[in-house]
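Each chain gets a letter, A, B, C, D, E and F, in the order it is written, and its residues are counted from 1.
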Amino acid sequence: MTIELDEISNEDTAIESKFDLLIVLQQAPYSSASANEALDLALAAGTFEQKVALLFIEDGVYQLMSEQAPDALQQKSLEKMINALSFYGVSMLAVESHSLFERDLHPEKHIIQGVHFELLNTKSIQDLYDRSKTIIRF
Amino acid sequence: MTIELDEISNEDTAIESKFDLLIVLQQAPYSSASANEALDLALAAGTFEQKVALLFIEDGVYQLMSEQAPDALQQKSLEKMINALSFYGVSMLAVESHSLFERDLHPEKHIIQGVHFELLNTKSIQDLYDRSKTIIRF
Amino acid sequence: MTTLHTLNRSPADTQLFKQLLSTIRVGDTLLLLEDAVYYCIKNNLNRTIQDIEVFALKDDVHARGIPFEGSDVKLASYEEYVRLTERTDKLINWY
Amino acid sequence: MTTLHTLNRSPADTQLFKQLLSTIRVGDTLLLLEDAVYYCIKNNLNRTIQDIEVFALKDDVHARGIPFEGSDVKLASYEEYVRLTERTDKLINWY
Amino acid sequence: MTLKLSILVLGSPYNSQAAYSALRYTQAAISLGHEVYRVFFYQDGVHTSTRLSAPPQDEFNIYEAWQSLQKEHSLDFVTCIAAAARRGVLNDTESKRHNLPAANLAEGFDLSGLGQLVEANSVSDRLVTFGA
Amino acid sequence: MTLKLSILVLGSPYNSQAAYSALRYTQAAISLGHEVYRVFFYQDGVHTSTRLSAPPQDEFNIYEAWQSLQKEHSLDFVTCIAAAARRGVLNDTESKRHNLPAANLAEGFDLSGLGQLVEANSVSDRLVTFGA
């Protein structure tokens, strides 16, 4: 995981771009289909070439835990879906930093690697909301 | 509403009796069928001559608000069901006092009249749990 | 740019309210509906969120028997909810 | 009389945990399942509820990728959940 | 100003007020002359689109109310095909495809994919979400 | 000590883990030799008893798992008739009674009243509830 604390990236996926859709993931995985169905929507929106951003916040940050083994509950891996997002053109994955902090989660220690997340504070999240046409919370 | 602050009543419905079933109502009414379905179960258990107690706690105390007019949402009145409970042999209706206090609800001012509630503190609720064979939370 | 925020959870859901508070801005509008109309009982919302116009959905308020005299919150019908959608530039539904 | 308490909500549901805390007694057993297994991350449950034996449902812990070394909480299978039901006099499910 | 609105329903009737609040909002929007481009049912909201419900006679029938609204204004109602299949809501085609003995999707609802929600969002002025 | 257990399921598959956790607990109780007197499905838990679901082939099928468990051990599965009618789960009799075109209650489940839950509680050593 690469963490950029509120830095502005230079890519097309830049932190300052506008989004057609911001999907907010605020629930823990596996106790419901919420995380899966939110990510399904993200993949669909990416496929249809919409600019999509994802924000993991509150219990939603638990979706990013490394070493998930959902086959213990006969469920499919979220990690694969999260890894697939960039291939489907989902341009930004953001994580609210305070939600990690409150849960004693350390990006280097607990969060899946190999995926680029922007670590955002409250102010940056307000900006992200401003730059998104539509917000759907899951 | 008659409030007896942790007093022991002398009736058959006494605060010291044992219950086959304690139904805990902790959700606000109308946003879901939870309150209705919990009260349906209470009526059914009363009909089958089980000793039933009800505990209104947390947002569940909102079910006791006077002046509810659920026809505004094309729903049926909870008050009628609550009034019917004693006819079906439901022997005790308890309300957690702190839940009222936290919500700025005053028994004389905000709560339906004509039904007898026991106002319980945390300690009395622990006793109520102890005296109930089964607890179901709605 | 102004945003219409709607909230439908009771004051017991403090986390959701905290998220809303960190996002709402001066000039935005807040509409309380469903279980969020219980915020009207304590009547201290206007101290928490100043310079925000607050409405509560009338039918949700009446259904739940919420005392409303002297409240700073304005009642809104479903039609007025639609008009608030018109009047603002965007919408965030908090549930 | 001993009670087996099960809890299935994440630590974010502070109200539910407060209700459980006011009811649980010395000698009781607590089993964390579903989203309640996230209590294992902070590993400070045993300070909050002393003299209570705490278990977490193994498959829920593994599915969610919760680090578990050095935890004071014991892992339990579904079979052990059933055995805890046997071993105690009654049951309260907190959800 | 006339808006082009789309509506997203995420909660099941009886477990949330989402389907009811969305109904009242949609009715109000139509009565004020706005265009309701599409109503999309996702997650447990798909249960709103069953034709096999039988609420007590003296209770409001949320299913009939949605069905009447669709019919009266020829609205575009889409139920997410994947979410519905998982939860037990199927039309005739899907039912046959899965070798199941019956179908239960109400008339006036189409089963389709999430692309319909994405498209509705891209062409609408607002997507109004009713969550659980 | 052999216990007589009854199980209460209150949450729908996909919206909660209730139906899954209850399944695993019930399987474990049986494997340890306990008597499962009745499984009662109430509130959104009634959705567990549909026969019209079609989860993707590569996903666990929670509906089939419950149906197999019932069959294998001849368990008593009761779905609350009132909660189910409201939510769109009907057997043949109820479907005909309401003049509806089909039924969707899975085999092995009975529609009956809350008295069955009350009775299960009164004769069982424990009622184990799986809430949402």
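Heads up, the rule we're going with is that contacts are C-beta pairs under 8 Å (C-beta built on N, C-alpha and C of every residue); 3 or more make two chains touch, one makes a residue touch a chain.
These numbers were taken from a predicted model, which means no experiment stands behind them.
Contact with chain D and chain F alike is made by A, B. Looking at which of A-F and A-E shares more C-beta pairs in contact, the answer is the pair A-E.
Comparing the CA-atom centres of all chains against that of chain B, the greatest distance is found for A.
Averaged Cα coordinates give chain B a centre that lies 27 Å from the centre of chain F. If you average the CA atoms of chain D and of chain E, the two centres end up 39 Å from each other. Each chain gets one centre point, the mean of its Cα atoms, and the points for chain A and chain B are 42 Å apart. Of all residues in chain E, those touching 2 or more other chains are 14-15, 17, 43, 59, 82-83, 86, 126-127, 129, 131-132, listed in ascending order. Contacts with at least two other chains are made by residues 30-31, 33, 58, 73, 75, 133-134, 137 of chain B. Those residues of chain C in touch with two or more other chains are numbered 8, 12, 15, 34, 59, 90, 93, 95.
Within the complex formed with chain E, the chain A residues making contact are 20-21, 33-34, 37, 40-41, 44-45, 47-48, 50, 133-134, 136-137. On chain D, the positions that touch chain F within their shared complex are 8, 33-34, 59, 77-79, 81-83, 85-86, 90-91, 93, 95.
Chain contact summary for the complex, chain E toward chain F: residues 12-15, 43-44, 47, 50-56, 59, 63, 82-83, 85-90, 94-95, 98, 100-104, 132.
Residues 8, 42-43, 82-83, 86, 113-115, 117-119, 121-122, 126-127, 129, 131 of chain E touch chain A in their complex. Against chain A, in their complex, chain F makes its touches with residues 14-17, 20, 58-60.
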